[in-house]
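One structure, as structure tokens, below. Some questions next.
By letter and in written order, the chains are A, B, C and D; residue numbering begins at 1 in each of them.
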Amino acid sequence: MTRVPLLSVENLTVQFRGDSGWVTAIEDVSFEIGAGENLGIVGESGSGKSVSALSILRLHGRANTRYASGAIRFGGRDLLSMSERELRKVRGGDIAMIFQDPMSSLNPVLTIAEQIIEPLQLHQGLSSAAARRRAIELLEMVRIADAGRRIDEYPHRLSGGMRQRVMIAIAIACQPKLLIADEPTTALDVTIQGQILELLRDLQREIGMSVVLITHDLGVIAEFAQRVLVMYAGRVIEQAPVAALFNRPMHPYTDGLIDAVPKLDGDLHRLTTIPGSIPDLATVIPGCRFNPRCREAMDVCRRNAPALLPVGPDHLSRCPPRAAARGAA
Amino acid sequence: MLRIVVIRLIQAIPVLLLIAVMAFILMHLIPGDPAVVIAGADAGPAAVERIRHELGLDRPILEQLLSWLVNLGTGDFGRSLVLNQTVLSAVGERLPVTMSLAMLSLAITLPVGVFLGILAAYFRGSWIDAAVMTLALVGVSVPAFWIGILSVILFSVTLGWFPSAGYAPLLANGPGAWLSSLIQPAFILSLFQIGFLARMTRSGMLDVLDQDFIRTARAKGVSEWRTVGRHAFRNALVGVVTVAGIILSLLIGGSVVIEQVFALPGIGRLVVQAILARDYPLIQGTMLLFGFAFVVINICVDLIYLWVDPRVRYD
Amino acid sequence: MTEAPIVTVRDLVKTFPVRGRPGEPKRTLRAVDRVGFDVLRGETLGLVGESGSGKSTTGRMLVGLISATSGTVELFGHHIAGGAEKGALNKVRSRLQFVFQDPQNSLNPRMRVGDAIAEPLDVAGGLSRQARNDRVQELLELVGLPRSCGDRFPHEFSGGQRQRIGIARALALRPDFIVCDEPVSSLDVSMQAQIVNLLLDLQEQLGLSYLFIAHDLAVVRNISTRVAVMYAGGIVEMAPKRDLYAAPKHPYTQALLAAVPRPVPGRARAPSVAGELPSLIDPPKGCAFHPRCPFAFDRCRIEKPRLNPVEGGHAVACHLHEAGGSGTSAL
Amino acid sequence: MTDLALGSNRPLELAERRRFLALRKLAAHRSFKIGLLIVSVLVLAAFIGPWLTGIDPTSMRIRNKFKPPSDQFLMGTDNYGRDVLTRVLYGGQLSLGIGFFVALLSGIAGTIVGVVAGHFRALDAYLMRVMDALLAFPAILVAIGIGAALGPQATSIVVALAVAYVPRTARVVRASTLVIREMEYIEAARVSGASNLRIIVKHILPNCLGPLTVQLTFVFAYAILAEAALSFLGIGPPPPAPSWGNIIAEGRDHAVEAWWIMLFPGIAISLAALGMNLLGDGLRDVLDPRLKIES
């Protein structure tokens, strides 16, 4: 671990104001991402994957969010303790973000041009003519045909896939060092998803940026990420290079998740499932949060909150029994 | 653009017709015989009958309705029964008063209401929000005519700053007198509307501020003021336009009462007098005017949508 | 395959009028275009397509939620669409059910889940209070929920649990055929598998037939007997499960299979098919897929291919695979 | 099927706490609490207060006329020497009663029109055209017209105002109906063969209730204000029985020398409208944060 991380999240805990007091959405989340690296964060709903992503740029509603502990280091500074004014220079500049639903993520009453030009003028101080030229270039980079004409249209005239391309063009406008993509393909049709993933990968190579890809889809993770964070109920439960994660998962939840994905090969009739339901944020589960659904749960899992332990090269898991088994082996 | 206006106008014809019929029916529901009113208390039955015949009131209702509608088609709104004037000229005389009042009031309401709404949305949850919303709430809860009377006692009777009653026409008396005769009623009339508009603007803004594209704007590094003022307000404007249309209708309704308080010779006073005097043609005529105003306001609102909301513009 | 199918669909068409700007001529959107298929007793037909493929509209026409513009639907020997005798739907209604996509709004938030499950029973009538409540408890148990939870409201359940409630409601009148409209699409992966297994178990226990609608091919693989792929309103390929996944013939089916991201790291990914989904108001001439098809030739741009059988229950609507053509080897 | 059983019942137990969330949220909502307090105090004052003071609101003692507020007459006396406080308390019965019945009537009629228009699409255009035409006249004018037609009684004011507010209520109900009818649970009911009546009663009406209640609290507030305005124009409930509106109307002529006659009933009206508006705001926030209410 000698690499110098581009961004490192350290022991981040985020809480939201609920109907009856503060609830913890993510707890003690730590990870780092190197320059040019692809980090995948995977989890189901309520796992805290999107909360983690939005926390990096502090995009949660101010009144109802508490960054209870931790730090997010980027370029030698802590994004959590920065003033709003300073943070705004980072947002859309060095760190950009795209979201799940391209239908609602673009402003319906502003033209594509107005929306792409905005970050160019804010962060790079381009004149409006230069910004417009650059905006057309950007649309061409995200492979929108007839960019010169399309740029003056409103978002509702574009298909979902096109809108997501526009979102990407806005995000890469200022050549960010880091792009956070929060479920960028979830709302799209299957054949369009592939196009968008390919585009992201190509752009990453061209610009040399790092990408944090948040998704619930293990298939997308396998194809895109180099390193993976698996989250469950607000915690990181496993972290590993992608091959290690799929070949030797070291947490029963990761196991279950990989097994539950419907596959196109192998002759299965029934799917393997994880029993039980995903707990909601307000649920207090003593011990390991996965223990009520875990087939391998032991007494210790119900008593003690497990720590994230090394189980292999660059591989961490929050399952002490498995870690012990690995150590013994 | 022009084609859309024409289509909307054509679409408005059935509504206008319906308004006319309803105005007619409403009037004929009112008990009391205008012939008796006109003939005077001591006229004999024969005299009343003669007047009734002259006015055509002895014909079947349906026939009366039809002939009235046919006359409307030729631009003939009939004669007032009590004013010794045609309906058109009676309305025409008083229209400038009501229009002046409504426009002045709108000119006060729109900027103030929208500004307060945005202010409250921007500072949502803070004491500024609470103060603005309390003010707005008081505005929609206090009876306008009551505040009007109190205001007359304070500013006109006690302090003597404004005239307590009457209207000074713009052309005859000049803008100074015109404005000073209208500023007090217009402001009182605006109180309710400002509160209403501020509340609607704020809730519209908060709805918009909740949406994904606002998060996109923040993720781009756009400042909070710009996010609220440009990204959110441009969207909330659609709602504001609707509310502005409603407000214009409400202003016309409100002027009925305010004209009474400040003794302004406008349409509102005219219509109340007409109703109390059972002056059918005049009531029908003014009702139709209100209906027409409503239709025109709605067409304007639709047209402004075209300008404000690109989705409407294309689809 | 000697048994008569319980569902027979032929040349089913649905068009919707599209409101243009005031004064402009009305246009129509062709949502479903001459769709035909059978469903046999005890089997599951998977119906797969992306948005706008017409899969959901087709499913809704089968249960009478949407009336067909033309074509025929025959259920258990009764024609319910297209030249049908009136009231035919009522004769088969109790044998026919629907499971919805969104567990969020497929249950009335103000109705106790027990009452929601009992709704088909209450409408059909003829049950004592006691028998009705017993049946509700039985159904809850059947779908893996506690018998006692019938007096709770939907918001007290998770998405997966709500989908179980929806399934219990569908089972209330012991139907033979259930249309499942993307029943797992809005669920988390770990919940999806539970629901798919539940549907499989129920099919085995109760001898149900399903039309299982989905937007990707991976989800229907476990549950289907046969799979039909739809694109822009029409079926482009239909085959027994094994054949379809092993040897897809239509270029669109191939693209759809290639597009499913697989949880296998390091696997080289086939390039995605280019282009956007077509407009249904102004569809491409000829084959709807031709603008995106890497194999398109002149005929594809002019003539719309029909769904033709090729071999052993495998049918495909593609000029490359027309009888006597040598298309298969070209791929 | 063992793996289908719920791993634990915990999620169900937990949901218990969410069950009466709406009520608890209301109980914690500040403006709702203030509104409830104001309205309760006014209702109690109007219906129990007169019984406590034991003065006849119509009894005149000319020698007591125009007494300013004092220990003996907390709100002074009017031109006939009647106790203004007593009249304001009694007036509350009439004014609040009118508000209540206007809300009730326009609620019932508006719900019928709104649900029918929203659910039976073929009738929608016709019904809403009629509502639009009615909306074309300012509510106060419709009320003046109908009020004049029916004669000066409290009941005709109720009918007049109820008719004036029906289109607005109908619009709210229709808008909710249009949203609800697109829900999948309506389709589920149809698949089960449910009749239109069953769908309306079991599914649509219960889900319209929230927005409708909110709208009706606002109608209540408007009705109190409108009653006063009608009284002021001389078409309100006739004297000598007091309503807040006609006390002001009578006091208007003496506004300069005896300001208290019209001051106190005006404050009562303002408080009542304020209280109902606060109640409505609270209900709206809790029942549906995204709800839009038009005037």
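Note that a residue touches a chain if its C-beta (ideal position, glycine included) is under 8 Å from a C-beta of that chain, and two chains touch if they have at least 3 such contacts.
Everything numeric in this text was worked out from a predicted model, so none of it was measured.
Of all chains displayed, D has the C-alpha centre closest to the centre of the whole protein C-alpha set. When the C-beta pairs in contact are tallied for A-B and for A-C, the bigger tally goes to A-C.
Averaging C-alpha coordinates per chain places the centre of chain A 53 Å away from that of chain B. Distance between chain centres (mean CA atoms), chain A to chain C: 32 Å.
Separating the centre of chain B from that of chain D, both taken as means of CA atoms, is a distance of 23 Å.
Those residues of chain A in touch with two or more other chains are numbered 273, 275, 277, 280.
Counting partners per residue, chain D has 3-6, 11 as the residues that reach two or more other chains. Contacts with at least two other chains are made by no residue of chain B.
Chain D makes touch with chain C in their complex at residues 1, 3-6, 9, 11-12, 15-16, 18-19, 183-185, 187-195, 198, 202-203, 206-207, 209. Residues 60, 63-65, 90, 93, 96-98, 100-102, 105-111, 116, 119-120, 123-124, 143-146, 149, 152-153, 155-158, 161, 166, 169, 172-173, 194, 197-198, 201 of chain C are the ones touching chain D in the complex.
Within the complex, the chain A residues that touch chain C are 44-45, 159, 161-162, 189-195, 197-198, 216-223, 242-243, 245-247, 256-258, 260-264, 268-275, 277-278, 280.
Those residues of chain D lying in contact with chain B across their complex are 129-130, 132-142, 144-146, 148-149, 151, 221, 225, 228-229, 232-234, 248, 252, 255-256, 259, 262-263, 266, 269-271, 273-274, 277-278, 281, 290, 292, 294-295. Across the complex, chain C meets chain A through its residues 50-51, 158-161, 188-194, 196-197, 200, 215-219, 221-222, 245, 255-267, 269, 271-274, 276-277.
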